[in-house]
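Here it is, the structure in full.
Chain lettering (A, B, C, D, E and F) follows the sequence in which the chains are written, and residue indices restart at 1 in each chain.
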Amino acid sequence: MIVDGKIKAFGEVMMRLEAPNYLKLEQARQLQVLYVGTGVNILSALSKYGHDTAMITKLPNNSLGDAASAYIRSLGITTTDIIRGGEYLGMYFLENGFHPRPTKVTYSNRYESSFCTASITEYDLEMLLLDTSLIHLCGIALAISDKTRESVLAIAKKAKQLGITVAFDFNYRPKLWDNQYEQARPYYKELLQYVDICFMAEKDAQYILNMETSETEQQKQIEDLIPKVAKKFAIHTIAGTMRKNDLMKDRQWLQGFIYRDETIHFSSEYKLKILDRLGAGDGFSSGVIHGLVERYPHEKLVEFATVASVLAHTTYGDSPICTEDEVWSFMNNNEVQIER
Amino acid sequence: MIVDGKIKAFGEVMMRLEAPNYLKLEQARQLQVLYVGTGVNILSALSKYGHDTAMITKLPNNSLGDAASAYIRSLGITTTDIIRGGEYLGMYFLENGFHPRPTKVTYSNRYESSFCTASITEYDLEMLLLDTSLIHLCGIALAISDKTRESVLAIAKKAKQLGITVAFDFNYRPKLWDNQYEQARPYYKELLQYVDICFMAEKDAQYILNMETSETEQQKQIEDLIPKVAKKFAIHTIAGTMRKNDLMKDRQWLQGFIYRDETIHFSSEYKLKILDRLGAGDGFSSGVIHGLVERYPHEKLVEFATVASVLAHTTYGDSPICTEDEVWSFMNNNEVQIER
Amino acid sequence: MIVDGKIKAFGEVMMRLEAPNYLKLEQARQLQVLYVGTGVNILSALSKYGHDTAMITKLPNNSLGDAASAYIRSLGITTTDIIRGGEYLGMYFLENGFHPRPTKVTYSNRYESSFCTASITEYDLEMLLLDTSLIHLCGIALAISDKTRESVLAIAKKAKQLGITVAFDFNYRPKLWDNQYEQARPYYKELLQYVDICFMAEKDAQYILNMETSETEQQKQIEDLIPKVAKKFAIHTIAGTMRKNDLMKDRQWLQGFIYRDETIHFSSEYKLKILDRLGAGDGFSSGVIHGLVERYPHEKLVEFATVASVLAHTTYGDSPICTEDEVWSFMNNNEVQIER
Amino acid sequence: MIVDGKIKAFGEVMMRLEAPNYLKLEQARQLQVLYVGTGVNILSALSKYGHDTAMITKLPNNSLGDAASAYIRSLGITTTDIIRGGEYLGMYFLENGFHPRPTKVTYSNRYESSFCTASITEYDLEMLLLDTSLIHLCGIALAISDKTRESVLAIAKKAKQLGITVAFDFNYRPKLWDNQYEQARPYYKELLQYVDICFMAEKDAQYILNMETSETEQQKQIEDLIPKVAKKFAIHTIAGTMRKNDLMKDRQWLQGFIYRDETIHFSSEYKLKILDRLGAGDGFSSGVIHGLVERYPHEKLVEFATVASVLAHTTYGDSPICTEDEVWSFMNNNEVQIER
Amino acid sequence: MIVDGKIKAFGEVMMRLEAPNYLKLEQARQLQVLYVGTGVNILSALSKYGHDTAMITKLPNNSLGDAASAYIRSLGITTTDIIRGGEYLGMYFLENGFHPRPTKVTYSNRYESSFCTASITEYDLEMLLLDTSLIHLCGIALAISDKTRESVLAIAKKAKQLGITVAFDFNYRPKLWDNQYEQARPYYKELLQYVDICFMAEKDAQYILNMETSETEQQKQIEDLIPKVAKKFAIHTIAGTMRKNDLMKDRQWLQGFIYRDETIHFSSEYKLKILDRLGAGDGFSSGVIHGLVERYPHEKLVEFATVASVLAHTTYGDSPICTEDEVWSFMNNNEVQIER
Amino acid sequence: MIVDGKIKAFGEVMMRLEAPNYLKLEQARQLQVLYVGTGVNILSALSKYGHDTAMITKLPNNSLGDAASAYIRSLGITTTDIIRGGEYLGMYFLENGFHPRPTKVTYSNRYESSFCTASITEYDLEMLLLDTSLIHLCGIALAISDKTRESVLAIAKKAKQLGITVAFDFNYRPKLWDNQYEQARPYYKELLQYVDICFMAEKDAQYILNMETSETEQQKQIEDLIPKVAKKFAIHTIAGTMRKNDLMKDRQWLQGFIYRDETIHFSSEYKLKILDRLGAGDGFSSGVIHGLVERYPHEKLVEFATVASVLAHTTYGDSPICTEDEVWSFMNNNEVQIER
């Protein structure tokens, strides 16, 4: 696979409004603001790795849209593909949990946002895909409204026609499908026929794609199901992660896998602590895409992506911002504690 | 007029998200949060003056609703009349202007909020008005949706029937009526038949009520039009303010008026600087209501209300929080600069 | 036991001034402010559980009193029973420890506060207890001055006469009794004759009430001593907690117990981390009171109260602010890490 | 007058707790902290001018005392003369006014502070004055308690005996004398017999010293009364300021005067804006002391002191922190707006 | 003049470290950080007006360079032309004055910065100018080091050869030329032969270019000298501003002029207040460039540029961030105080 | 050893600019500022232990130098020995790591600072050492420039001549010696002939002093090498620490040793968590110096110093600020979690 043009992502940009210092919202007089989304996170990391990236989305033509746009640009993402209009920016309010109190996310304007109400005809697809070598899509846009679902499917189809690599993250969110896998199934299946690179877990194969396995252990299930998915939908690359928690939830073990050339490769297992978990999965996916573009050997690729995800747990905000150097430096010497 | 029960207000509670230090939203990483609304502002001041107050509104049953509720309670307002449900809390983002750059307000979820989508049947009117002696309504709820308009009218009618004093603030917002006075006119007229105390300006009489005057100067227009409105709609008390700005907009002259017992009384003219202009008008209205409840003589009443409004310009946030003592102390000696 | 009226607490409200980010006071240029106290904490939780609550205390009639009052109201506690006057608000400065550096608390105006210098005659006891079904008292007010001691005893006695349930928390603070148990003993004994619900530990029975046990292990001591206390003082309900620390002090095991109907019930043991330990014990007591009012079976009651205390360690500030839903949700599924 | 040793001040050090951004205390969750006092202010400026200074006071031996001490040291003041013990640090809470809303100061622990309860015997006077050439005293310590009054008088007397220059600031605070000049009069008179340099206004002469003038204009009154005071009490230097406000109170005219060698000299009149008015008077006094030590000619001296006071209005906090260079630079060229 | 390609600027990017709230540096424990420079400011505004912009500079290849780059991108400026290497980022510490206390700027690493030590050979001039239609240069780079001077001259010469419009801002900083105009003169003269658009004042003509006028009033001097400069150096457009202050320095009158087609046009005079004066001159220059690119008539052009500069005084930071809409909206209606 | 005069340190003072909350620099809009250095850290602790201390260094004569000076004074260190002049203050930007992401330090103006460019002739050595009983030097000044190296050697030699105790911390920083031990070796050896008290590790003996050991375990190597160093260079006291980390790097085991009177003494091993690791080694050294001055027995001395270092990990900033009481209180009872 050769990627010469831009890497683009289609998806929602949301405002994240966070109560600081583990406060509940009713205790906070100040909120911290970021602008995030799966696509933003993926492209943020890829920009740090030196790729030319651009976000495709719709933002309102007001101060909130300006602010989101400025923030995304600061991450190194080109914003000239973004269309402006509609009424609102999607938002979520974040109350960080402190174990065992869970983190709480409250959405606002989820369904009325400019992105959610934009129809595919508003995007100039020909133009947007002209200079694109890889497009990233995700399961949230597939779920959130009829319009975004239609858009995701149309973009995937068009990209496939134009020979552009299509990467897709399952990102299944139960609430958006009324907790019913059957609702989601046909759309996931439809989309998968256009997909080249897929990010998913063994549970997605079981519940969304309705595939069966006799294995009971997670790694075995992955080894059994993922190749089946790849074959059934003719997807050349499938990747994902496995997590284990310790009792207090503040230390975790993370391991990545990649299926490619008909083999599954697992990374080492990394122990980590969590500063900000949101977007850490996107740290893995973007690492995989980078490795594919750079044609890393499989073992190196899955190791790179997993370490990138580990580091994404250690930086503030949803969007990974570690550089390639920082990933390598960790892989070569994870004992360094102060770099002077 | 005797007021024995609670003073209540029906209206929206919004989250105010403010970029600090005159930043534009795209420059801010932190926003300051308050929970405001005309009704909240009125009752905040009246609570400070010692009255028993309660807010009637609908808030979402989530962290945002909890936060709004906690904040309102801190102002001294009873929240047990608030119903919970629906999806969203209305919001506005505030970018403070610095003259000559104007202040910019960006709304979010204006029309999808729990309040805006609540129908009158959700409120147990009988129960809510049982212990009420005065109810405050405002032109925003009359404008914002068919449901809130229906509610305002129903509440006013019911209150009138029960002998509860009805106070109404014109609060005309052009955008909410597509900039067309004709759209608003019939509803204002319908509502006015239930109103006892009305807050308005001479412009409202001209443009909303379509009344004419041959006068050209503001004070003359007030003296001409306000009595006509009072007579036409049988409203016993009408009050409002006049403002003049200096060139740089940071110093202002404020003067209040009250029409009552068929006479108009004007307060002294006060010079003031502005810390936070939002809600300063509500500082006047609440001062008038307090004066009426306390049966102040007209001159004292209009003076008290105007000073209350002056002070409302000097405190942070939409909601006036000066006590009766602070108003009197200003009226008696506005030279004091440090109270030790 | 049936509780129809309000739940009230009598006790001190203090200003908590905290150096942020583990700074020592000499490093801090900004302090974070809360208004706290055992009674406030208890009522904060009970308000969250839906009870009608009111604080009985005395606050100075100045800006500090206003601020304390506004804060308490925001927690859902009625403040109309609070009397105003005197000179000062009690304060403490909090320098958070970072293990093994201990947390340091420096009091200011402890003995000169409005509360501490108020005599029982200033409170209109008849009126205050009229609409009360349960009154919460604590050992700090019993200790801090002759006047507050006299008040606690008078309130307990009066409440008993009126058939109001009396809850009492031992809250023994050595410094307030010159480190001498004998000083405290007679007053605790006098008070216990009026008490229906008591919060204490096995150490309180040994040292304050001077009771003996041949057991050496904590749980055995509880099983031996607590029933004896209940019998001797005719207290129908006694509850408390046991804690164990790990080496680094940042992880803890917590277990609650309740003695009722002549049996002791122990909760499961919960492992927890600590965001803010102050007030976590009050999280347990308020959970017990809620369970009693709601007539939970004993096992459910002690489990609920213990989980409530666990969660109180995970929220900022002295006052527990988790809702009943949040407690249940934890009990049903303590694996959830993000609630979307 | 020759000053070879240290310049010392005797007086209270208080904690200033300020609600930021013009908030009222009930709106603030964070307070800004400084440690201030007339003596601290005077010595802060004199340290900036290059003098060797030391504070004489009593601070509690706890975290608050440590913090006050560290802050004072950062201003350049030696703290080794400070004795430690007692219970409390005096405090005041500052709610900044926004004209016409006045600034509000609420004291806490005013009378129970370590300083206020310290008797003269606790200070080793001989030792403290050994290396001292000038001692600054003020009217607040003369007022606040019997013990501090006794101390001020004893120190003044002792200093006089030892040939140390005694500077005294009238600093009359009505509340501390029950608003009765007669209460204060004998103590001021007693003290003045030891004073060499005195800071006062014409009103002090009239009301505290009970002297009469037939003049009605302020400058004339000064010219009439100040020489009489100087003669009556044999004080070689008397200095003070006159202020005029504009309507909105945010611009002021300031003019200084000094009586010396039987003549009064007035400075130019300076227009100024106010960032922080507290301590600005001390900016004048310390300028005068500096000018006397440096033997400036009278005209230069009063000009220097007045400009120093002007600049003290433009820096944050009670304590003046402008250097001698900054004062001169202003005097030579008050047009510079950016120094690069 | 037609501008089809990108607008670029060559110049330094500095870190601005600002003590908040008018504090002096010794009072601040937190500093606010921005990344600024004449080129950044010019391009920030032009990006807001819809132009495609890119910064040419050298930044260190470390965290500071990354941070500067991210910030510039957030302003809408392309950073791919920036070269990375060297040791340091130039910095300045900003202590905001409060009249009459002047603002103080303290530089750090001024002469050792990556930019200051970069030689012209490090920049791939051919490549950088390939897609450029206008290049902005400034007098600071002409002054700061031999290397930057050489670079500015080389870039101007090369641009002239390629038919690219050259804009130059005199930006004379005395300290950088040892306060000697003669030092600067030859280089300014050399550069001016390549310049198409020049930003300067009448003082620059007199002192740097050594031209004489018999006029004494500022406007007359401009009318006399600017045309002479234009003729002598064959510069088609020269523009600049005139300022007047009121006594307290917080209100100013601003007026712009443009010389073009052999005529001088003056804008209206605008009264303004100042939130942040740094970079306000760049607000004018960028307005002029925009007007030229958009071929505004002269009167409209100078009015637009002056209003843009007025607004640049009212936003935080050095870099203008008002949109074209905001400028027009002000020009059409400068009475609006709240935009809802 | 008797220490009657002041304890002084010679070394650099740097500005530490820290991105808060684990942010990377590109995410931060605010930085936290401290002024630090090995000498400052040592003297900070010794001041807390009651010693009379003074810093010898050179600071620029501008706002940055004033700020550094004020901060150092607040720590209790006399600043009158500091000379002023030169251009810059050395700085470092701190991005706190979150394991496994390492902490990153970016220096600015390291080599151009006032300190780094000051030659020994600028310091009045005779005068500076006149009232000194012990002088602390460190390996950073030995490395950073020819001038500082010359100064360190000259000061050590002079102090030795005057009979002043010389303490020296190896503080080897590879980057400052181009990662070549041979470069550093001769200077360390030259300096050691003047040293009385030395802080070092077994690695320093091996690599810098080129000494060999057949031992492989750390403690054995210390026991073998340290006495050899002491003998070879006639150093009466050598001390240092050993650290072990757990897997996640947030818990550590610390143990101190001291060689004295021809014996090595090891402290207990302490487990600790880390709030701020910078300067924690200086917490140990200053504890050793205090113990030597106070003539603690060896066992008590090494225990005190190790606990002091443990506590230095638990306070914010480079400079240890725990008092002697706090160290003792920990040693006597490390179970206390809240001191009320």
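Following the convention adopted for this analysis, a residue touches a chain if its C-beta (ideal position, glycine included) is under 8 Å from a C-beta of that chain, and two chains touch if they have at least 3 such contacts.
Labels paired with UniProt names: A, B, C, D, E, F = Sugar kinase.
Computed from a predicted structure; not experimentally measured.
Enquirer: What's the overlap between the neighbours of subunit B (Sugar kinase) and those of subunit E (Sugar kinase)?
Expert: Per touch definition, common to subunit B (Sugar kinase) and subunit E (Sugar kinase): A, D.
Enquirer: Since subunit A (Sugar kinase) and subunit B (Sugar kinase) share one sequence, what rotation angle in degrees maps the C-alpha trace of one onto the other, as a multiple of 5?
Expert: 180
Enquirer: Looking at subunit A (Sugar kinase) with subunit F (Sugar kinase), do both copies bring the same residues to the contact (over half shared) or different ones?
Expert: Subunit A (Sugar kinase) vs subunit F (Sugar kinase): different; shared/all numbers falls short of half.
Enquirer: Would you mind telling me which chain pair, B-C or D-E, is linked by more contacting C-beta pairs?
Expert: D-E
Enquirer: What's the distance between the Cα centroids of subunit E (Sugar kinase) and subunit F (Sugar kinase), rounded to whole Å?
Expert: Here the centre of subunit F (Sugar kinase) sits 46 Å away from the centre of subunit E (Sugar kinase).
Enquirer: Please tell me the distance, in whole Å, between the geometric centres of subunit C (Sugar kinase) and subunit F (Sugar kinase) computed from their C-alpha atoms.
Expert: Centres of subunit C (Sugar kinase) and subunit F (Sugar kinase) (C-alpha means) sit 46 Å apart.
Enquirer: If you average the Cα atoms of subunit D (Sugar kinase) and of subunit F (Sugar kinase) to get two centres, how far apart are those centres in Å?
Expert: Here the centre of subunit F (Sugar kinase) sits 41 Å away from the centre of subunit D (Sugar kinase).
Enquirer: Hey, what residues on subunit C (Sugar kinase) touch two or more of the other chains?
Expert: 24, 26, 29, 70-71, 74, 104
Enquirer: What are the touching chain pairs in this one?
Expert: Here the touching pairs of chains are A-B, A-C, A-E, A-F, B-C, B-D, B-E, C-D, C-F, D-E, D-F, E-F.
Enquirer: Which of the residues in subunit A (Sugar kinase) come into contact with subunit C (Sugar kinase) in the complex?
Expert: Subunit A (Sugar kinase) reaches subunit C (Sugar kinase) through residues 21-24, 26-27, 97-105, 107, 173, 175, 247-250, 277.
Enquirer: Which residues of subunit E (Sugar kinase) touch subunit A (Sugar kinase) in their complex?
Expert: Residue positions touching the partner: 70-71, 73-76.
Enquirer: Give every residue of subunit F (Sugar kinase) touching subunit E (Sugar kinase) within the complex, in rising order.
Expert: 17, 24-26, 28-34, 62-64, 66-67, 69-71, 88-89, 91, 93, 95, 104, 106, 108-109, 112
Enquirer: Quick check: in the complex, which residue numbers of subunit D (Sugar kinase) touch subunit E (Sugar kinase)?
Expert: Checking each residue of subunit D (Sugar kinase) against subunit E (Sugar kinase) gives 74, 251, 270-273, 275, 310-311, 314-317, 321-322, 326, 329-330, 334, 336-340.
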